[in-house]
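After this come two complexes, each holding chain A, first together with chain B and then together with chain C.
This part shows the complex of A and B:
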């Protein structure tokens, strides 16, 4: 780390002398600090992603692949109903999950960020939302099994309350259980950023609007919603990244009935169909890239930090 | 708006329900971890309360039809991996954030290159790393390929945390030290590091927990030796037993212990910073 601070000293002297040599040394210092990270990300992230695109055009044999280029795997994907279904399921469950997370998490975030005046209580509530994150992801997924089964806690409570006569069987091992599980696990990634943005809203702005006679709805749509938008965008990016890449929750909670693209990738890799898995991977990447780029057009992430 | 009692009441109720939704699976899981064994199943009713499944985790009960979870080696591997990832990712994150304190050409590209690490779904990073390793002809191992992709994931978090810290950092303190002729090393040790310490601590906490619990990236990038999440995932394919629940409770307690250490160190550093500030005021 000592080189870090040396690099800082040089520009100080350089500014006084305002020489070009100092500017060059300053740039060199910056790049020496940046190089390890940039190299790491290039070799371990960019290169593997390019490799995936490349392999998606390789020739797939039963248990091996070779690097003869072909479109076979791509044609197989787009001509097999199972895989197209899986693509549609992925997109559908992603939209449903994201919409539910927004509907459930947004009011919570507004409550914590705006309605709770006491800073200590506000922090405590946020911590309370984040605490489940510190239990292993897979354990949290599997915790839904004793909740949702026919003999599960939800059915027992509903039966005891007399709300239902028969246990609801559709709760576990269906797409509902997958959506419920994903909403519970990922909702905190929406609540956090939105609560953060809402808590930064200058309260005198709201006071002024009310003094001028604005209705609650008007205050919400012209002040709170626009100012919380960066939070919604960041939250949506987080949730989308994680839901689109999901395969553990469907495989643990759907009993094999829900197959997202992630599940197809896992199955294909399991049977050494690397080229085909890569095709699914590239399709997921495109889906993800379009989403992130579209969301980042709404808000500039760098300015919000 | 915050003063409307009906709206406030509704939102309070909604948030309470939300917390119930968030916590109920863990509560049920914790209750069921005290199921009787070895015949008690992973559901209600509790036949009678016992700590059988906790003892089974540590092989303290006679062998039964339920195999113990194969966790010992996996736990050690995950801890070693998380610790190494934590250190490397924090160092990388601090270096990059330090470079971002000054404007340089291409900063936009570098920013998004780093942040990309948390924006690409994990399963794709794992797949890409597996393909690359196969192509280059290196073995996939938990201490090699898995370590590389874990840092890809945690480094962006460390970077963003440190960037946020540096953005709120008063440069004049460092400059004052230099102009008084204090050496760069001493300046870093006595001035810069104490100021950025809360960020370093948060970055370490993030990197450790993310790596310790990381599953999708690990699945394809690892070889034969399992990390903890992989071992847990392996038990999903067979019938689950309350020993998994007992294990879940123990890992959660471990995480809370970790959080407590973090909170203590954080409080101490904030208090120290305040004391220094007060001393300066007096002087």
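This part shows the complex of A and C:
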């Protein structure tokens, strides 16, 4: 670090003062361009986060809170099985959802990005994936109830086809329905980035690989998969951040049986337990941050853009 | 070794290849010259196996390739944009064909390493093994692409405009390199280019392609000195072209005046439409009114300007019919003469150096229609 600074400074010293002034003005210019973003992020992200960490150490009374610092809330979180269970459930459902989204979204994205050659058709298909977003979040979630219920569409179809003898009751108001709901809502966030990366793969690469004798499976694993990895990483970041912060889907589709960390936060805030809600918030934020950092270590996104 | 028999390929009714037949010998260096849209890339893609011909067949060593997929043909393809795998190092790019061949992969990593290094040495990139593709210059990428194809020792190596993406300086060097690599390996090279000078410089034989048909297959000097048709002469960019009518007395009447035809063509019957061309470096300029030798042909023209390009100077003259002709002088032969702009000179050439072709079918039909 020090050597590079020196290397930059030495020739500067030898130059005319005017060029130094020009450089300073340019530096000032870039700072001014940065300022709005920095201020916005500080006010809306950094300060609230610091506040959240601070509040998590406050002392919680039944209906009030005071700023005496204590570890009570943290201890309560880690000593109550309900909360630890909820943390585990959050992580487990997140992994399952992410895996299903990859399994469903990736092939779709490869199909759109690689096999659909017509650019217009490609764009139309991607738009089709986004169509569900034209309705409100709540409607999309609640619409699963008539689908998955004991007398819901899925069960009726399966019964009529003779595949099952009696309705599957586990479909609604269980973990499965929560996972199904979240997969349906968030899968498009995987399809988009992956389809984008895959469509950027030069077709001549695939021809070249084929010409060199590689089988289709080999081409997929050695060429297409690595080149679409940045898309998978970006998609996973989107999906993870959203799934980890979920509270609406579980509360609408699990009948209150599945409590993710997000649901705990909602409940705690509702009963004015700010300190405890902050503990959950900090844990959730750390979990997300670790996930994002870990995912970003897989690929160098800066090189891809 | 490679036989192409009446290969035809259509795209929506338009024939990209129209009955191409060609025979390529072992270890040949063939250059395929054609303007864009002539079907040269299509022919390459048919040979490589990326496209199936609508009719005709391709055989390699007596084996019909029509039903053989690209990767089982033993034909290497170096595409125009190089198509290097951007996420793999130079080594891994070159090793790809060895490691990952579906049927006969090289599993021994020492063997892979030896063959990759040997090929990289041959293309002069041995010091760049661990480089990323992004860190290479255009010329280096070209060599990696070539090495990646050659490392598996194909029977035939197809090069799609291999020098197109390189700057002039590099192109010169790669020309030499390509010839050297070809000589070292003895693999048959099939080099596609839109540049006439490159085609002449590279090939043992030059194939001239236009509108999906082969116009001429000959040694470079034959193509250059004796183009088989006016179309070939046009692609060579080295001929002044005229169309005219044989007058039955050893002359050809063109819009710019009558010129003496080569003596071999004198027997051409009267009033036959012909195309006529004369190479730009065969023409001599002399002041108006000076006598001609008996075996010379001449046209009157007005001097416009000259273009100087190192060892060569090109003079532009305007003919009586307003068309511009070029005259090229090599400065090593004689000092450039100064001409006066706007003055009339006579352009003189040995009459036997002129080339006469029956007018192209299109022109003749058009004339027939006009007459009727």
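Brief remarks on what is shown
Here, the second predicted complex is superposed on the first by the 283 of 305 C-alpha atoms of A that agree within 3 Å, B and C clash if a C-alpha of one lies under 4 Å from a C-alpha of the other, contacts with A are read in each partner's own complex, and residues count from 1 in each chain.
The rule is simple: a contact is a pair of C-beta atoms (placed from the backbone, for glycine too) under 8 Å apart; a residue touches a chain by one contact, two chains touch by 3 or more.
Given the structure is predicted, the values throughout are model-derived calculations rather than measurements.
Overlay on chain A: chain B and chain C fit together in the combined arrangement. Shared-chain residue A:251: touches chain B; no touch with chain C. Touch counts on chain A: comparing chain C and chain B, the chain ahead is B. Applying the stated contact rule after C-alpha superposition, one finds that A:218 touches chain C and leaves chain B untouched. Of the two partner chains placed around the shared chain by superposition, chain B and chain C are both touched by A:210.
By the touch criterion defined above, A:40 lies against chain B but remains apart from chain C after alignment on the C-alpha atoms of chain A.
In the overlay built on the shared chain, the residue A:202 is in contact with chain C alone; chain B does not reach it. Of the two partner chains placed by the overlay, only chain B lies in contact with A:285; chain C stays clear of it. Of the two partner chains, chain C is the only one that A:226 touches; chain B does not reach it. Between chain B and chain C, the shortest distance over C-alpha atoms in the superposed arrangement works out to 10 Å. When the two complexes are superposed on chain A, the residues of chain A that touch both chain B and chain C are 210.
For chain C in complex with chain A, the touching residues are 48-50, 69-72, 75-77, 79, 81, 83-87, 96-97, 100-104, 148-149, 152. Looking at the complex, you find that chain B touches chain A at residues 1-2, 4, 7-8, 11-12, 14-15, 18-19, 21-26, 28-29, 32, 42-44, 92-96, 98-99, 102, 104, 108, 110-111, 113-125, 127-132, 134-135, 148-149, 151-152, 155, 159-160, 163-164, 167, 174-175, 178, 184-185, 187-188, 192, 209, 213, 215-216, 219-220, 228-229, 232-233, 236, 240, 244-245, 247-248, 251-252, 255-256, 258-259. Interface residues of chain A, counted against chain C in their complex, comprise 202, 204-205, 207-215, 218, 222-223, 226-227. Note for the complex: chain A touches chain B at residues 1-2, 4-6, 8-9, 11-12, 26-27, 30-31, 33-34, 36-38, 40-49, 51-52, 55, 104-105, 107-108, 110-112, 114-115, 117, 125, 128-129, 132-140, 142-147, 149, 151-153, 156, 184, 187-188, 206, 210, 216, 219-220, 224, 237, 241-242, 244-245, 247-248, 251-252, 262, 265-266, 269, 274, 277-278, 281, 284-285, 288, 292, 301-302, 305.
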